[in-house]
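Look for subunit A in each of the two complexes below; its partner is subunit B in the first and subunit C in the second.
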Partner chain A sequence: MADADLDRARACARSILVEFGVSAPPVPVERIIKSRKIVIQYAPLEEDLSGMAYIKDGVGIIGVNALHHPNRQRFSAAHELAHHVLHAPKISQAVHVDKGIRVLFRDDVSALGTEPMEIEANAFASELLIPSDLLATALEGGGVDLEDEAAIEALARRFKVSSTAMRFRLTRW
Partner chain B sequence: MAGEALYRAFGSAVSTRRKALGLTQAELAAKVNMSRASIANIESGRQNVLLHHVYALAAALELTKVAELLPPIPQKPLVEELKMMLSNQALSKQTLSQNAEAQVADLIKSALQPRRGKA
Partner chain C sequence: MSFVFFDTETTGLKRGFDQILHFAAVRTDANLNEVARFEARSRLQPHVLPHPSALRTNRLPIERLTDANLPSHYAMVEDIRHTLISWSPAVFVGFNSIRFDEEMLRHALFQCLYPAYLTSNHRNCRADALSLVMAADAVSPAQLVVPVGEEGRRTFRLQHLAAANGVAHARAHDAMSDVLATVELCRLVYQRSPELWQRFVRFSNKATVADFVDTEDGFVLTEFFGGQAYHAAVVCIGVDPDQANGRLCLNLNQDIGQLAGMSEVELQACLSQKPSPIRRFRINAAPTLTAFFDVPEHMLDGGSIGQIEEQARRIKADANLRARLVAAYIAAREPYPLSPHLEERIHNGFPGPDDEGRMYAFHQASWPDRLAIVQSFEDERLQWFGLRLIYCEARSILPVAIRAEIEHRLAAQLSGDGSGCLTYGQALAETDKLIGEGADHDGLLSRYRIYLQNRSGRAAAIRAKMAF
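What follows is the complex of A and B.
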């Protein structure tokens, strides 16, 4: 399989944000999904399953593990939306189930042969929920100390993401 | 679903939800008037649960439907029809457990149901 195309994934996320006119966090990921006529369904799944994506007879479905923390559910939803936007042919063939949030250790995971699809979906989700321009505004042109738990958490709360997702996003800032 | 798998699935749902709410086993036990040991046993699937305990646990775990803690009724034909494609993000276990497959199949089924309400 070809290498992950992270630039394309992030560009797709940004064009959706522009199309939707998102100007302040938190990004309404559920409304974005619904506006694209994709059915989003929350259901209790085993702990290690984060979500799933599937297109059956033209009907797009996103499933999210309802037992996870709401902020994690938002990331899962964005990750599954990425599969619909970037990988529609693949998820039309079979149900695509995602396990875990190993997302946050990219090098580690890619070394283990994780599909480029997952890396792309994580890049998309990260950019969708924490867009570059909104992050820059939130940082007021400054930076943030990655060791400063309180500052990271406050930032994460504004974007309604987990602090892990925020820290991950900031490290590629 | 066999009895044993059912209690394990229920216990795992209780445990996952409890952790998501940041509760300890003791805190949950206090809310439902049970012992911490009972909660531990229920979570590991070693204890059969009474229906009123299921309701008490669902309420204490801030769920609106008890069904959120219950594994779906296995839908064999649908599960077989849907080939599950598992992303290889996980290090181990490349296949889904039967319970997980049933959960996913159930989710797809409800997503495909025609929406009721607003005409």
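What follows is the complex of A and C.
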């Protein structure tokens, strides 16, 4: 199994942000997904299921758990977009082989980031929702204390992501 | 996880006073395939007089409602609660449920001393299939047939919609039959208008609605009055200070410069016009919202998205104007008076934590121990509902004086001024009216009339006894 290519994942996310002209948080992830002709579907899914990505009849589809908090939904949508952007050949292959539908679940395993594809998707989602340049602007040239919950929550609110996602992003800042 | 479709058949339409007689629910998976179903019925409570129109509509004779073999109302509510919690979290959907069935269920739970907001708590979401069908008709009218009713107007009644769209609906106004028809109508929208279905599911989540209205530079709000859809491009200007779930939005067809230049008095006069430029909705009531980038042109009333979004951004950036608009709207709004009836005060505050503990303890205790718990409630609503509940379920444990006091109070309500529950006088008058109109071809109303006469006669005797 090949190692995760995090640089490529983040570069793809940045390229999409430039293409879409995003200049301030929060990043309009649903608009970005729809502009790429990918269908986004909301459904009440099992609690441990955040989202899914698949291709059906040649149409890219992203499923998001409607019962989750909207910030978590945004991260799930961005994560599933990553699968379409970064892993399309694999999805297409699997569609052909796997009864017309290839499903990639964001479950507890991927949340731990143990699969290369999931690690790449998380890196992509993190960069897409919390872009480096917008984060730098928000931090006003300074940094943030990872022990300072209030500061992390304030940043998370600004970018419309969960505190967990913001902390994940800041660990590599 | 799943959807839960549900429906109630009741003794009438008066929330807080009428009761659920028949409850039905179907649980489906995310693709609307049925995975479980549930039904429960209850007998009539002694303090409720069914509206004769409800008996007629539901085809329920009074002798069936008073059948001692039926579970009590408390037992039914306990059963409903247990099932719905075991099915949670889910998206709860009914036909006109946000305005009616949800409220009936909340009142039933609260009056049985359970937390009222089951379908909003337990990580549940809620939505209304009537709004979905109306939105489908407004956005893509070719997808569903909306029939014309007897009065020559388009009708969104479930039985008419079902018939016009080839949906099986064996017994209109039977709770399970109505649920199955609602599921089938939703399947039609799910298959024919997938975009609309997605928005419907998405905005069943209160947190998602709050996030959406806060984040977007405007959106289209669709409201329904008299079966007609009205679309307005709006921007959120703030939270309703009187209700945390309320959001106030400004219609973007307004001249912002003119509004900003108005005095407070002029603003109040402008905002209290009908229809008001301020639109209010609740984020927990599954509003029909559409992002500008999903909006068909006809919903923008000739405006361009770019111009409208620019207008929205201008308002969002002007915190002072937004605050003035909210203040003026609230100042001009008619205050909502406190009801004299405890039954209508369900939304006037949550029970405190100590009373919540007592509510829990009540259900764990034996009937003889429950009276002391009820008497210790700080909340007068819970005190009264608790006493009434014991009277309905286990009146033999009540001391004679308390029992007499409850009977006196219930008799007074049923003979009251008509501002609360349906009274004997009102029920008899309505029954006579329906009989006079020839609606009693099977004798159902005549038998109900006899029941009412007997009950009111006994109540008069009790009142006379109390007077001595």
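Definition applied: the second predicted complex is superposed on the first by the 152 of 173 C-alpha atoms of A that agree within 3 Å, B and C clash if a C-alpha of one lies under 4 Å from a C-alpha of the other, contacts with A are read in each partner's own complex, and residues count from 1 in each chain.
Just so it is clear, contacts are C-beta pairs under 8 Å (C-beta built on N, C-alpha and C of every residue); 3 or more make two chains touch, one makes a residue touch a chain.
Everything numeric here is computed off the predicted structure, so don't read it as measured data.
Asker: Go through the superposed model and pick first if A:26 touches only subunit B, second if only subunit C, both, or neither.
Answerer: Touch status of A:26: second partner only.
Asker: Please indicate which partner A:34 is in contact with in the superposed arrangement: first for subunit B, second for subunit C, both, or neither.
Answerer: Only subunit C is touched by A:34; subunit B is not.
Asker: Which holds for A:71: it touches subunit B only (first), subunit C only (second), both, or neither?
Answerer: A:71: touches subunit C, not subunit B.
Asker: On the A-aligned overlay, A:44 touches which partner chain: subunit B = first, subunit C = second, or both, or neither?
Answerer: It touches subunit B and subunit C both.
Asker: Does the superposition put A:160 against subunit B (first), subunit C (second), both, or neither?
Answerer: second
Asker: By the touch definition at the top of the document, which applies to A:115: first (subunit B), second (subunit C), both, or neither?
Answerer: first
Asker: Who does A:136 touch here: subunit B (first), subunit C (second), both, or neither?
Answerer: neither
Asker: Could you let me know whether more residues of subunit A are touched by subunit B or by subunit C?
Answerer: Partner touching more subunit A residues in the overlay: B.
Asker: Determine, under the contact definition given at the top, whether A:61 touches first (subunit B), second (subunit C), both, or neither.
Answerer: First partner only.
Asker: Identify the overlap between the subunit B-contacting and the subunit C-contacting residues of subunit A.
Answerer: Residues 39, 41, 43-47, 49, 66-67, 69 of subunit A touch both subunit B and subunit C.
Asker: Can you check the complex and tell me which residues of subunit B touch subunit A?
Answerer: These residues of subunit B touch subunit A: 9, 12-13, 15-17, 20, 68-69, 82-91, 93, 96-97, 99-100, 103-104, 106-108, 110-112.
Asker: Which residues of subunit C touch subunit A in the complex?
Answerer: Touching subunit A: residues 1-3, 30-31, 89-91, 123, 125, 194, 198, 201-202, 204-205, 207-208, 210-212, 215, 291, 293-294 of subunit C.
Asker: In their shared complex, at which residues does subunit A touch subunit B?
Answerer: 39, 41, 43-49, 52, 54, 56, 59, 61, 63, 66-69, 90-91, 93-100, 102-103, 109, 112-115, 117-118
Asker: Which positions of subunit A touch subunit C when the two form their complex?
Answerer: Checking each residue of subunit A against subunit C gives 26, 30-31, 34, 39-47, 49, 65-67, 69-71, 73, 160.
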